[in-house]
Amino acid sequence: MLQRKIPLAMVFVFGVISTLQYFVPHPLSQQYYDTMLKWMIGVGSMAIFLALVSFLRHHYVRLRKKEHAPYSAVAILSFLFMTLVGFIGGMGPGSVFQKMFYYVQAPLQATMFSLLSYYMASASYRAFRAKSFEATLLLITAFIVMFSVTTFGNYVPGVPKALEWIMAVPNMASKRGIAIGVSLGSIATSLKIILGVERNWLGG
Amino acid sequence: MVLNLIVFMLAASGVLKVTDIPNDDGSRLKVEYLIPESFDSAFLYRVSGDKSVLIKRPTNKEGVIVDMGLSYKKEYRYRLVVYADTMKKEYESALVKPRASWFDTSQFPLFIVVILYTGLLLFYLQHARSGKSLYLRPIAGLQAVDEAVGRATEMGRPILYVPGLSSISDVATIAALNILSHVTKKAGEYETKILVPVRDPVVYTIAREIVKEAYYSIGRPDLYNENDVFFATDSQFGYAAHVSGTMVREKTATNFFLGMFWAESLILSETGASTGAIQIAGTDAVTQLPFFIVTCDYTLMGEELYAASAYLSKEPMLTATLKGQDAMKIIILVVIGALSILNLFGVHVTLGLF
Amino acid sequence: MRDFLIKLASLNRTTIYLIITIGVLLPLVVPLNLGQKMSPPTERLYTFIDTLPKGSHILLSADYDPSTLPELQPMLEAIVKHAVLRGVIPIVMSLYPQGTGLGIQACEKARLELGARPDTDYVILGYKPGFSAVILGIGEDIRKIFPTNYSGIPLDSIPAMRGVKNYNDIALVVSFSGGSTPFAWVTYANTKYGQKIASGITAVSAADFYPYLQTGQFIGALMGMKGAAEYEYQVNKLLEKEGFKKAKSVFAVRGMEANSIAHFLIMLFIVVGNIGYFLTKKRREA
Amino acid sequence: MHISHDPWIWIAAILTLAIFSFLYKDNPFFKMAEHIFVGVATGYGFVYTWNNGIYPNLLRPLFVDHQILFVIPFILGLMYLSVVVPKFAYFIRWPFAFLLGVGSGLSIPLAFRASLVEQIKYTILPNPHGMSMGLFINALLILIGVVTVVLYFYFSTPHEGVMKPVTKVGIVFLMVGFGASFGYTIMARFSLLVGRFEFLLGNWLGVLPWLR
């Protein structure tokens, strides 16, 4: 009862009401929507505690392993430091918390992001081989588009037009086709959850 | 000299017409005005109780405005004050109460579509209960799942399973967690270690339950290790950095990247490729699919990811909903075709949707 | 020769990364002066602004935050300078809170480098919350949405705003955005009021914009660093002609040169990789 | 050359270089930067979640504004912690049920409206009257592309017989689309790399005079 029936009933009731909410313009419906949004954020946020336990345990266990110890110690200390300055000094402009964000987290983030340039290069070099009909099509299109977006592409007559056409016609058609299937699949999954057909989250 | 002759006229004059706007939350009224004489200046007020607010200074003789920000619990009256060289005239509308609707009739067609689709799925579910088996065509990436788990076992190295970076409100995440259950059971049978780093706290808590249950269901609760499913960090690129490091250091033999991904997709899959791991990816993020296709051995595209749980579990109830989806696809294609042909002949039909 | 090609096709990752690093660094340090020919969407926008009569108004909406600054800021700066040079009055606003500062920054450059006078040669309105309400409201009366400029001066006492009431008095709206804001401008200002719209967008979101360029819903667009560089280069030429050599900016131009080199290197890698692939395949078959 | 004197810039520069070093191979510098990243980001996430998630959406409404209804999400949230007591561990399913129920429900009409209906709307052929030949052919091609791609994902029939050529056309559209996305994304990514190099050369080492 408490283990399965009530959760399944909750999913059904909240699911149906939330679906119907869209069709009801009455202010009460809007109020329901606003409240649910707050509750969802609130309930979802509470998961952070379990996540933090996991994070700390993950690194704590590693303190006993020589090859990981100094690094995991740094991870735990960075976490504690950031949490401390965040709760004591606040998040406002000029705070240590904000400085840590701008000069530690942001550059790490941006640099990690920029590694993608390198990975795009190595992936193209390694994997773009005209092995099959499909692979060749992908390769040739990517090649044309790459050329068109460079400065040199503009000097070859017809190339800018070709780029516009590829992006607006075949590219758009493929994205739309995928999107139609994806939205049908995602709606079906949502319905399956509400109807209780999909219950892996209950442990199978 | 101004005479300031004040004349009162009531709603019956037809100068001010106030109507409710249907299908809304009762916060709007439509006010139409038609000033019968030429004038120098005019002021339109909204009156509720003893409060009066200027809402417009009309410059033309006639016009329509939508007055917003009202309450469906109150009544309103509109007053138009017109000055024409020596005259001041006042017109007043009747009391009107905006109505808050309980059903948006303009959304009725969409409502029908929702009902139709739900009905289709229920129909096929009913069909599945009758026990008939339903055909599904093979999908390469899914047939490779078991093989990939086997490979990690042969090499005696762990499996890495990334259930996407999004939250539980993303259907792709739910699909990824379903597949996680299947992969864990397979890995458990071979006693191969499976690492599941997670980015979203809620997803972490669910993933943890799913892995625990999966081991339990194959009778090997002893294989569950609290540290194998772990919360890495909630920063997108922090996660990418940590998982990249993990792949290189733990030398994972098989990598699964299933769920919702953003730009980090290529960081993960290219690092994985550099370690020589066999990689199976799947996402509904159209913008990330090309990178997975280029760098992974198998890629589940778009809805193939959602279909995976039906394929892998062979559960008739789940297969049935796939049939429902297929039926809906045919309906959609027929609608697209029919409306296109009608348009060719200049007949524009919207069905209230398009 | 054959063996050399096969070897070339089996370079290790580190070598590839090294080549890419040099290819990107070099143009940043040593100017290549490749020149930037305008692509059609850039050219349409440039020509439109270039041929506006003196004293016309264009509305520039800085709908972005610092995260997309490298691509979008050079666009805004270049268009502000272009307008000022042509005697067209840019009115800068934002639908994002952080956009105000970026708009001010762009106008400051025009003031310091071109001697543009605030509230006479350009106007900064600032930020107002509410997307559709703001865009629709300007169609009625801009003073209803922005009674004052960002520093609190009433629009009625700003000389540059004389005679500007709504979209009828604005020749063009350009929305700069890393997301879908330009679509909101099309939906509300173009569809409802027939306002001409152009956009400045990041490369990531540009892929979704092409269909709308084809149908002409945007009169022009600057797409990613490339669009920024093309416009910047064109404005630089104009600045030189008008004797403002010092006001030239090469932020996007340099970035795009590095970008073009990188693209070429990747294309080269693909070609080399495939030649090697076919040679080894033949050898295996032989 | 005007090398920076700001210690924060130095920290940012060193961390930037440490991440780049991963391209050569995994090494202690990268590993250190990675763990600093993970620690700082998790701390940031926690403080952020507390200030923007837990406090304004649970604690303030319940304990400051005394909105008694917020007892429900508060209890649901506490149920996560039930896993501490194995006997009551199943209570963790309650918050899942709430999040999944509301989340799925809210998403259904939106997915229909925003994804499905919109995609279909722009796929239907327009009335060719007054349209240029080129634009009409493009619209026709998009229609063909969408239909074949949707059929590629049709699970009930094998890709044989009539479906074989149809899905083949679908694959052509898919691959051209993927190739275009790949080729187009490179510019966006290299713009970021250029940004990092400008930071290192300009803000840190101060050797780029044109960078103002």
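Note that the chains take the letters A, B, C and D in the order they are written out, and that residue 1 is the start of every chain.
Convention: a contact is a pair of C-beta atoms (placed from the backbone, for glycine too) under 8 Å apart; a residue touches a chain by one contact, two chains touch by 3 or more.
A quick note: this is a predicted structure, and the numbers were derived from the prediction, not measured.
Novice: Need the central chain here, defined by C-alpha centroid distance to the all-chain C-alpha centroid.
Specialist: Centroid comparison flags D as closest.
Novice: Could you find the chain whose CA centre sits the greatest distance from that of chain B?
Specialist: Looking at centroid distances, C is the chain farthest away.
Novice: Counting C-beta pairs in contact, which comes out ahead: A-C or A-D?
Specialist: Higher contact count goes to A-D.
Novice: Averaged over CA atoms, how far is the centre of chain A from the centre of chain D? Could you give it in whole Å?
Specialist: 3
Novice: So the centre of each chain is just the mean of its C-alpha atoms; given that, what is the distance between chain A and chain C in Å?
Specialist: Roughly 27 Å, centre to centre.
Novice: So what's the Cα centroid distance for chain B and chain D, whole Å?
Specialist: The separation of the two C-alpha centroids amounts to 14 Å.
Novice: Which integer distance in Å separates the CA centroid of chain C from that of chain D?
Specialist: Each chain reduced to its C-alpha mean, chain C and chain D end up 24 Å apart.
Novice: Listing for chain A: what residues touch at least two other chains?
Specialist: As it turns out, chain A has residues touching two or more other chains at 19, 22-23, 40, 44-45, 47-48, 50, 52, 55, 105, 108-109, 112-113, 115-118, 120, 122, 124, 126, 128, 138-139, 142-143, 146, 149, 167-168, 171-172, 175, 178-182, 184, 186-187, 189-191, 193, 201, 203.
Novice: Residues of chain B that touch two or more other chains: which are they?
Specialist: Residues 110, 114, 117, 168-169, 171, 174, 201-202, 205-206, 209, 232-235, 237-238, 241, 263, 274, 286-287, 289-291, 293-294, 301-303, 307, 322, 325, 329, 332 of chain B touch two or more partner chains.
Novice: Among all residues of chain D, which ones touch two or more of the remaining chains?
Specialist: 19, 22-23, 31, 33-34, 37-42, 44-45, 49, 80, 83, 93, 96, 99-100, 103, 107-109, 112, 116, 120, 122-123, 138, 143, 146-147, 150, 153, 174, 178-182, 184-187, 189-190, 192-193, 195, in rising order.
Novice: Taking the touch rule as given, give the residues of chain D at its contact with chain A in the complex, in rising order.
Specialist: It comes out as residues 8-9, 11-13, 15-16, 19-20, 22-23, 31-51, 53-54, 57-58, 61, 69-70, 72-74, 76-78, 80-81, 83, 90-91, 93-112, 115-116, 119-120, 122-123, 138, 141-150, 152-153, 170-187, 189-190, 192-193, 195-196, 199.
Novice: Could you list, by residue number, the parts of chain C that touch chain D in their complex?
Specialist: Listed in rising order, the residues of chain C that touch chain D are 13-14, 17, 24-25, 28-29, 70-71, 202-204, 206-207, 211, 214-215, 224-226, 249-251, 254-255, 258-259, 262-263, 266.
Novice: Can you tell me which positions in chain A touch chain C when the two form their complex?
Specialist: 117-118, 120-122, 124-126, 128-131, 139, 142-143, 146-147, 149-155, 160-161, 164, 167-168, 171-172
Novice: Across the complex, what residues on chain C touch chain A?
Specialist: Interface residues on the chain C side: 11, 13, 16-17, 20, 24, 34-40, 203, 207, 210-211, 213-214, 224, 226, 229-230, 256-257, 259-260, 262-267, 269-270, 272-274, 277-278.
Novice: Under the definition above, what is the set of chain B residues touching chain A in their complex?
Specialist: 23-27, 72, 100-104, 107, 110-111, 114, 117-118, 121-122, 125, 167-169, 171-172, 174-175, 177-178, 181, 198, 201-202, 204-206, 208-210, 212-214, 216-217, 226-227, 229-238, 240-241, 263, 266-267, 270-271, 273-274, 284, 286, 289-291, 293-295, 301-303, 305-307, 309, 317-318, 321-322, 324-325, 328-329, 332
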